[in-house]
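Next up: some structures, all given as structure tokens.
Note that subunit A is present in both complexes that follow, paired respectively with subunit B and with subunit C.
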Partner chain A sequence: MNSSMKQVMVVGGGVSGLSAAVDLARLGIAVELVENSGSLGGHAAQLSCKATDHCVSCGACVVEEKIRQATGDANIRVHLNSSVVNNNSNDVNRRKRFDVTLKQDQEMQHIEVDAVLIASGFAPFHPANKPYGYGRFENVMTTLELDLMLRKSGAVKRPSDAAFPRNMAFIQCVGSRDSSLGHLWCSKICCGAALRMASCIQNRQPGMKSTFFYIDIQNFGKNFQTDYADMHRHILIRSIPADVLKTADDRLKLSYFDPDTQAYQESIFDMVILSVGLTPSVSTRNLAAMLNIDMYGFAYARKTPIPLPAGVFAAGAALEPMSIAESVLSAGKAASDIFHYMKTS
Partner chain B sequence: MTTNEPISMNLLNQDLFKNWPFDQDHCLTCALCSSSCPISGIDGFDPRKIIRMVSMGLQSELVESRWPWICTMCGKCEHVCPMGIHIPDMMRAIRSLRDRDKVPGILHKGLDAALKTGNNLGLPKEDFVFILEDVADEIRQEPGFEGFAASVDKQGANIMTTIHNKLVNTHTEDLKHWWKIFYAAGEDWTVPSENWEGTNWGMFTGDDPAMKLMSGRIAENMVRLNAKNLLWPE
Partner chain C sequence: MKERTLLLGNGPVASGIAKALLSGYAVVADTLVADTRVSATSASAIPVMLVTQDTVASVVMGDTSPLFEVQTETRISHCTGSAGDFQVILSNPFGSTPQTFTNIVIAEDGIQRPLFSLYGLSASPTVLSLSEFRHILDSPPVSKHALSAGKTAVFIVGLAVESHPHLVEAVMESCLKLQTELGMKTMILTRNLKVGASGLEALYRQTREAGVVYFKFSDTLPTFQQDADGKVRIAFVDDITRMPFTAEADITVVDEAIDPSPYLKDLSRIFCIDTDSYGYIQSDNVHRLSVFTNRKGIMAAGASRGMLSPSTWQAEVQETAITLLSLTKGKLTTPGNKAEIHAGACVRCLTCFRLCPYHAITLNTRPVVITDACERCGMCAAECPAKAIRIEDLRVQAISELLRPIPCRDNNDSFIPFLVAFCCSRSAGRAKELAILSGLSLPERLSIIEVPCSGSISAEYLLAAFRHQADGVLVLTCHEGNCHSERGNILAKRRTAHLKLMLKQIGIDPNRLLLKTLASNMAAEFAETTSKFEKQIAEAGPLRIARQG
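Here is the complex of A and B:
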């Protein structure tokens, strides 16, 4: 890193921030990579590989490679446990500069940069207020919690008694497509992620039955054919359950309207997994406010791209729900846009 | 629906109910309403089908359908609906479209009686008061309640209660429980001798003027008896 280099602050050390940082560094731009937690990788670093007998291109392994590249790059300076608390932008010799105040623990520091990239990701929806007993019944978990369990231990066991589940229910669209929450968007990644997760568990724990409660399966991406071919492994019920109750023998009873019999139905499961939606993170909201960006749910609730001020860029799931692969692409596009902005400004 | 014939979409008037502020066109058919409904599946009922019929403007099918009338209007569907659709309000609006003489018998006759006499049974004032006194008599037979008295038309009471007509018809035993609680708690309460009906079948039949009249009578009783609080246990 030398003083003649152009400088960019990348806010967010998840997969999109890391990708953009690596791409920018490669283009000869100095990067200040700011991460508010104590480690790099973001949500992606907590996901488990979903391979069955073959790779399903879930992208969970991508982030580790990105961390290796970013931490080994002399053009990238990493600030952990840090958050942006203030920004003053001004024009110096017709060149826009951002004077950013970073807070690390209780220490404040000023860093001047030529551009800012918002890569502050998403926050998973917290489902406590939905009628699924989350937070009350131990064996009701979110998809992200299940991912972390699989990643850490290599197996899925019931939190209440460490038994292997014989059957699992997956409830889709929890916190997405929900006007009562102001979340009108489809979170896009949950159907594919949950289906891949269920197939992966079945491979590791043969005999585990998985049932999906869904509105419609929204599965995007190049891997559609593979995922589609795997559908027969699961019981698919086009209905969202309304209640989850605990039985006397510590299982979970779901009640739902069965579309086949056109009747009210109850089924019992060992675990219930909530496919929670993606929402704009607090960091994204704060940054948008600080940078005077019109912020109605950031991009989540909008159809058209956000008009960003000169020198401000955005990438990844801070913009809208995105998979790991899409976040990498989005970061690459942002790095390219920043490079061109630097050349012309 | 009475027919299995395919519906010709271009013959439908989809603007028919668009002024109903119930957001039915936002339905994603996710089935949370159907999954939570206590009567889904009965007579083929599925709340989503009603919502779709409204969006398509199937007026005659809705008016003739039995489904809006077997709905209990408990409101659980609305509570769980992620798209904020006011399903019970919609059911009421559909009920309001039916000719009054085709409203299911007990509701039609009961409301008719209530509008004329002040209660769904058409029970005269003296019979009503007699029944209350009779129940009070029975309460006084129980140990600890020797001093109990029914309180009718008392001025300035802390609580005025309405009465569900079944409590002075087939379920008089059910009056005793809360009256005994009042007595034990030393509550200052009363019941109006006229227009005491708490069950508002104007609400259930989608009859707004009748609902307003019935509610207005309760408000008039509050003013007449100078009661401080209303207990409307419906």
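Here is the complex of A and C:
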């Protein structure tokens, strides 16, 4: 990194922040990469590989490659366990500069940069207030927790008794497409993520049956039509369940309106998985406020993104629900916008 | 050679890329895509030649500049060379001309194909494709086309084949207009409503409030009967109420399939580029994100690389521009030793030429490696029957030097096997690192040899490992479809299977050799696979063979 280089602060070390950092560094721009947590990768680094006998292009491993590229690049300085606590922007010789205060452990540090990229990602929906027993029944989990379990242990077992589940229910759209919550967006990734997850578990733990409760199945991946054929390995029920209760023998009873029989039905499962959606994070909101952006730094239910002040850019799931592939593209666009801004400002 | 980019296409993405290059990679305002006039505005402009099969170029130069050339009615008929120096033959009705380019960008538009026949319908003034209907709606006055208050318009979207958010958006916007501006009744027949794009769920709610009626189907689909009066009679059983239902449409709008340009098939052959199962000119391999192909210096953007929504085209343009810039700055070149062919030993069997997944070997009078394009996958070296190819640090001798047996930590009596794992550095190599970081326990005497791609793991490597006292050997590669070299893992699989047979013949239990596929994020599986293998080999006992050489 040399001192004459233009500098950008990338806030968030998830796949979009990493990807933008790598792109910017290649373009000769120095990057201060700020990450809240103790490690890089964001949510993608919690996901598991969903390959069956072949890769299903879920994109999760892309982040490992990006971490490798970013940590090996001399133009990128990584600040872990760090958060932005203050920002003063000023114009020096008609050039806008951001004087950012970073807090790492108890230490404060000032860093001056020419531009800031918001890549602080999303918050997974917290389903405690949904009638699905999350937080009360051990065997009700979110997709993110299931991913982490598979990633950490290589197998899916019931938290209550460590037994292999014989059947699982996936409830889709939890926290998305929900007007009672004011969440007027589809999270885009959860249909694909859940279906790939179910096929992957079935492949590793033969005999495991999955049932999907859904509204619509969204496209995912480049080869949606082929993946769609694979979907019929699972039972698909177009209905969103009313509630989940625990049975005396520690299983889960799910009641739903069955469109086939036109009546309420009950089904028993070993585990219930909630396909939680992407929501705007408080962290992104706070960051946006510090950068003088109106309350919301994202456009989850909007068609067009919110205009940002000069020198401030955004990428990835901080903007709206996005897959990993889309986050990489969005990071490329942001890097290009920043490159352009640096040339012209 | 002076930089010049060959740009294939004639639509918004192609024009956007032309602009970005002519402005020295920089001018990429959001309006760029809609406006197809280009101009060379920067001193650092990159010359572009735009080549299209169409008779008229939709991309035109705002002011004349020698930096921007357009060739219409022209196809690519041949290509040799590599990044930095592609030699391309352009063919048009007047003949063929050779040209040279530093880079190539494929940005051909896709095509939308109406699906009338799938519903037993045929095009008529009242049965229209979505594109035709959008065109009518956008060109006033619309009343001429039976679009008047009280009439019913039925939209079919995603019934016979799955739809796309981009088409669903067009349908919802049309319905909204018909309902609110023209006082018509609208109905949407669909299977899975594709709302996975910016603002679509909100738009869906808006259309519902405006009175648009939705019918969603799962197993049984509606039937359509097109009458002489132009009306279409629709009969179905409603999925929600299970009641039979009929409707009569004054206007029927039929959805379309989005297909890749058929030209891509030829381009994939001429440029030796892998396609995906649809025919888009970028395999469905995450290593190609976002605009890469298997060939250095050839990019695919927009509707040439996948079924993408036009809302991403601006990003495609910008991503392509910065990727080209990084490429020309030399930032995308793989460092390290590259393949070298020993001309004297080569028997010109052309195995290497056919095999190289990056097409980094060209033919002069004999095969020659293009050093810059070589990714060090080692496939050519491993497969050359004359052993004429080497990559300095991947020679069997170099690998053998890394094969030092690890001594047992303590001198207890139990047997702890010495294991060698050959790991693809992009997948298993990273998984190992993660496993160590997460504190997972690995076999005590495990020696890990990372190679750029499992395609380089030759029988010689594996035999060398056994010769260097390995009791068991692992080949850990990426999953099929996730190989940066596309087929390196398949070669590794084939060779391992082959060597197993050989081991059996020389009296070594083939189970002492194991191949497993792992992704870079499979730390737990890395630990599990190696530990299980350790246990298995420990039970089998030390390998006793006459170790000569």
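Observations
Everything below uses one rule, namely that the second predicted complex is superposed on the first by the 340 of 345 C-alpha atoms of A that agree within 3 Å, B and C clash if a C-alpha of one lies under 4 Å from a C-alpha of the other, contacts with A are read in each partner's own complex, and residues count from 1 in each chain.
In this section, contacts are C-beta pairs under 8 Å (C-beta built on N, C-alpha and C of every residue); 3 or more make two chains touch, one makes a residue touch a chain.
All values reported here derive from a predicted model rather than from experimental measurement.
Of the two partner chains, subunit B is the only one that A:Y256 touches; subunit C does not reach it. Using the contact criterion defined above for the overlaid structures, shared-chain residue A:E112 touches neither subunit B nor subunit C, since it reaches no partner. Of the two partner chains placed by the overlay, only subunit B lies in contact with A:Y264; subunit C stays clear of it.
Legend: residue contacts after superposition of the two complexes on their common chain; A:R238 is shown touching both subunit B and subunit C. When the two complexes are overlaid on their common chain A, residue A:Q218 makes contact with subunit C while staying clear of subunit B. In the superposed model, more residues of subunit A are touched by C than by the other of subunit B and subunit C.
Residue contacts after overlaying the shared chain place A:S179 against subunit B and subunit C alike. After overlaying the two complexes on the shared chain, residue contacts for A:E138 are found with neither subunit B nor subunit C. Judged by the document's definition of touching, subunit A residues 177, 179, 238, 259, 262 lie at the interface with subunit B and also at the interface with subunit C. Looking at the complex, you find that subunit B touches subunit A at residues 23, 26, 28-37, 40-41, 44, 46, 76, 80-84.
Per the touch definition, subunit A reaches subunit B in the complex via residues 131, 173, 177-181, 215, 238-243, 255-257, 259, 261-264. Chain contact summary for the complex, subunit C toward subunit A: residues 25-28, 161-162, 164-165, 192-203, 205, 216, 218, 239-242, 276-278, 280, 284-287, 289-290, 306-307, 312, 314-316, 318-319, 321-323, 325-326, 329, 331-332, 426-427, 430, 434, 478-482, 517, 519-525, 528. Of all the residues in subunit A, the ones that touch subunit C in their complex are 23, 26-28, 45, 47-49, 51, 53-57, 59-65, 68, 151-154, 176-177, 179, 184-186, 188, 191, 216-226, 228, 236, 238, 259, 262, 299, 301-304, 320, 325-326, 328-330, 332-333, 335-337, 339-340, 343-344.
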